[in-house]
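Scrolling down, you'll hit the structures one after another.
Shared between the two complexes below is chain A, which has chain B as its partner in the first and chain C in the second.
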Partner chain A sequence: MTAAVVVWRLISLAVAVAFVGLWQVVANAKLVSPVFLPGPDRAWAALVRGFAGGELWAKLVGTLQHMALGWLLASVVGIALGALIGSSRAMRAYVAPTLEFLRPLPASAVIPVAIALFGLTEAMALCVIAFGSIWPLLLATIHGFAAVEPRLYEVARALGLSRAAVIFKIALPSASPDIVAGMRLSLTVALILSVVCEMLAGLDGLGHWVLLSARAFRSADLFAGVILLGAIGYLTAQGMTAAERYVLKWRGQGH
Partner chain B sequence: MIADRAKPFVLPLVLVAAAEIAARASHLQSDTLAAPSEIAVALAASAVDGSLLVATRDTLLSAFAGLLIGAAIGLGAGLALGLVDILDRALEVTIEAIRPIPSVALLPIALIALGFGYRMEIAIVAFACVWPVLIFTRAAVRDVEPRLSEVARALRLTPWAKATKIVVPAALPRIFVAFRLAAGIALIVAVTVEIAVNPLGLGAAIMTAQQSLRPALMLALLVWIGLVGFALNAALVLAQRRLFGRFAPVEEPR
Partner chain C sequence: MNARTGGVAATASRGGQIAFAGVGIELGGKTIIENLSFAVSPGEFVCIVGASGCGKTTALRLAAGLYRPSRGTVSFSGAAMAGPRRDIAIVFQDYGKALLPWRTAAGNVALALEAAGVPSAQRAPRIDALLDKVGLPAHGAKYPSEMSGGMQQRLQIARCLAQEPAALLMDEPFGALDAMTRQGLQDEVLALVGASGATVIFVTHDLEEAIYLGDRVIGLLPHPGRIGLDLEVDLPRPRDQLATREHPEFLRLRRELFDFIRTSEA
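What follows is the complex of A and B.
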């Protein structure tokens, strides 16, 4: 990192701090009713209070759990199905168009159907989150498997590799950039659907917390929840970037 | 041997037929499932009595209004950030702090500030649509062929003329891709907001159908929402090909 980058980063940080200051001034002057807009001081106090009482911790863990379970389920099923469909030309011809047709369907539209099947339960949330976040991953995996360099398959045949060996030694590594990109999109979808499911089903989590706070007009608690959700979105995206760099490190060399 | 053009239709037809046979054979009486024929009847009935069209209009109205507002903000901000390097660097932390907030998290804020109805839905859709357009526009503006900037300098164009005559036309194909992605997001967010709280449009209709235990109508609305999403995407892909032809970027950046 050069000095110029550090300086610009600091300036950029100062600008962000200035915006928070502006927010404080607007809130203090009551330009916007405090019912809707608490100052950053009140939001921060609510955040500290929530964590001290343990309540926000429980909600944070709840949301992370919903998100992680749904995302992991989607990842396992999505990569397996994607590998199955993507590695066979016949499967691609018959199945892929149906999947492409289903892709633009808003995942939240299956929530009522899931509620009818499972009730307002954790199982419902898991199904909806997994269903919604499987699409980007599934289609990316299919694409990754379909785009494997055909000559690599010829090499595999010449070496007499088994089908499992072909998948794990050739197709999966070759498709890994697509798969990781799909997993990143899935993670975003999983967070959004976790919040929606918590709001609708009253499951323990930040989605429920922010909605309840809004209904009770406790705007400081509401903003504390929104800030936490933003932090989750930011940190998971950063984690994914780090994981992406780690997993795909080998591609940087000699390609 | 099945002709290649028929292959995509085999799986859906088999699934629908299997569902119909299973429903008939088991004399299905359920609060959650319905035979495909019943779903088709429910869809037709709700189209005839007009409720489907009203709900579709409400959803699309909110989605498009939010899309236009969000895309306009994203376009303006993206142009400004792409053209003025200092601005881009100074606002980096601010943007990175706001962008990861999931759009639905703003739902409660919009709810207490704006109440139920079109306005809060439009506000949330607009927030969600700003980001893809902003990011794509900024990247597209930065990648404009540097020689075009030299031309602008040689012609002594004002910054405004440079933006409108050179930068925007050169970046337009990629900006349109962003607009297409944002349109998909707009529909998804609109339906999600309606399902979660807003008593309006297709999302509310499908929730009502579930709560009143009318599975055929519920599934019919699910099919319809899928069709609307598919049609919207297909129309925009077609528009992209027509407008930009071979200049249209095929690949969707991530």
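What follows is the complex of A and C.
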């Protein structure tokens, strides 16, 4: 780590500390009623209490599970479907109008439909999360497969590569930067929809916790939940960055 | 027997390892090549030159089996070509597009061995030997983006040699390289091909390069592409960048080729 990087890290840390400090000052001065805004001290205490009682653990695990399952389902279906559509010009022409119709559909509008089909169940949440988070990934994958260098397909023909080898050794790695970028966007959407589904269907998770806390005016618990959701978003994004760096290490310098 | 010693032009019209017989091809509704016939003997090094639009690259792609002729036949070792085959390797001009950027140099060579079903245990020593052969030892772990243009083209040649081809087709392989790199690679290709005994068709727009490398130079006429000139190059081997290029025969051939290109463009 160079000196400049250390300095930047220290500054960003200082900004975060200053923000928490300001929050404490505002809370202490009671500029906002403590019923609605707890200080960081009370939020932290609620966090510790929640984990000690095990209740918050269960909620955290619930949300992580919703997010991960929905995201994985979206990833598997999105990559497979994207590969199929992206590698055929005819398929792109046939399917594109349908996709353009479905894509801007807000996932929240799909929730009543999913509830009617599946009831207030985990299956409903899984479908909604997967449906909502598949789009960035699907479109990125289609683009990635459509943009494979045609010369590489000729190389594959000249070398006599099998059909499967062309997909797994040429097309998939070539599309991987797009796929990874799409998966990163999908992950964010999956977290949002997990919270929404938990709120609407009363499924075990931080969304439900946050909603109940707000209704009961337990602002410290509410903030504890929000802080955890922020931490999930931050840590999963960091994890994606690390995974991206590993998978795309060939892009290295110059790109 | 050895084609390099010359005296092969007489066999050119029939037989040969790679044979074009009355080949014509339309691409995008346009006739690119019409009634093209020539044959290349085993081990022969044939260069194809011609003004732009004469279909040199198309001819090479027909020889590789990447295109099917609209008329006539392209045959290899007596059998009509049904498509690309592993014993015919093609070196593309745009090495930057023909290499897999996500694979290291060793990985790119490995692709040819994987395609041929070479067991993984046998790959490493063969990859090392091939990289060594093209002057890239100790570069196996580098990605193409970390290599110069000349090194990337060497790598593509190594991948083609991994196919152990009976015929090597090269499409202006040195067109994008600087003069010094180009001369070095010309000599390396002559040495590699001489050692392997492969038949070579080498497309270039550099007339001196064609004479320097070839046993024979075919000049194509444009619109549509057809044969305008078939010159035998009777220059001693091994070729030498200075002595060969100063040889009176080299200068005579050079004059003849230049005149041909000038009249074909007029």
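Everything below uses one rule, namely that the second predicted complex is superposed on the first by the 249 of 255 C-alpha atoms of A that agree within 3 Å, B and C clash if a C-alpha of one lies under 4 Å from a C-alpha of the other, contacts with A are read in each partner's own complex, and residues count from 1 in each chain.
One rule holds in what follows: contacts are C-beta pairs under 8 Å (C-beta built on N, C-alpha and C of every residue); 3 or more make two chains touch, one makes a residue touch a chain.
What you see is a predicted model, and the numbers here were worked out from it, not measured in a lab.
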### Which superposed partner A:L152 touches (first chain B, second chain C, both, neither)
second
### Task
Check the residue A:S176 against both partner chains and state whether it touches chain B (first), chain C (second), both, or neither.
second
### Query
Looking at the overlay, does A:L161 come into contact with chain B only (first), chain C only (second), both, or neither?
second
### Message
Let me test your reading of the model: by the given contact rule, A:W250 touches which partner, first (chain B), second (chain C), both or neither?
### Response
second
### Task
Between chain B and chain C, pick out the one touching the greater number of residues of chain A.
B
### Query
When the two structures are overlaid on chain A, which partner does A:V226 contact: first (chain B), second (chain C), both, or neither?
first
### Query
Which of the two partners, first being chain B and second being chain C, lies in contact with A:T121: first, second, both, or neither?
neither
### Message
Let me check the overlay on chain A: which residues of chain A are in contact with chain B and also with chain C?
### Response
none
### Message
Touching residues of chain A toward chain B in the complex: what are they?
### Response
8-9, 11-13, 15-16, 19, 35-36, 93-98, 101-102, 104-113, 115-117, 181, 184-185, 188, 191-192, 195-196, 199-200, 206-207, 210-211, 213-215, 217, 219, 222-223, 225-226, 229-234, 237
### Summary
Contacts from chain B onto chain A in the complex sit at residues 4, 7-12, 31-32, 89-94, 96-98, 100-109, 111-113, 184, 187-188, 191-192, 195-197, 202-203, 206-207, 209-210, 215, 218-219, 221-222, 225-226, 229-230, 232-233, 254
## Note on the structure
Note: in the complex, chain C contacts chain A through residues 64, 66, 83-86, 88-90, 92, 94, 97-98, 100-104, 111-112, 114-116, 143, 145-146, 163
### Task
Spell out the part of chain A that touches chain C in their complex, as residue ranges.
149, 151-152, 154-162, 165, 169-170, 173-174, 176, 250-255
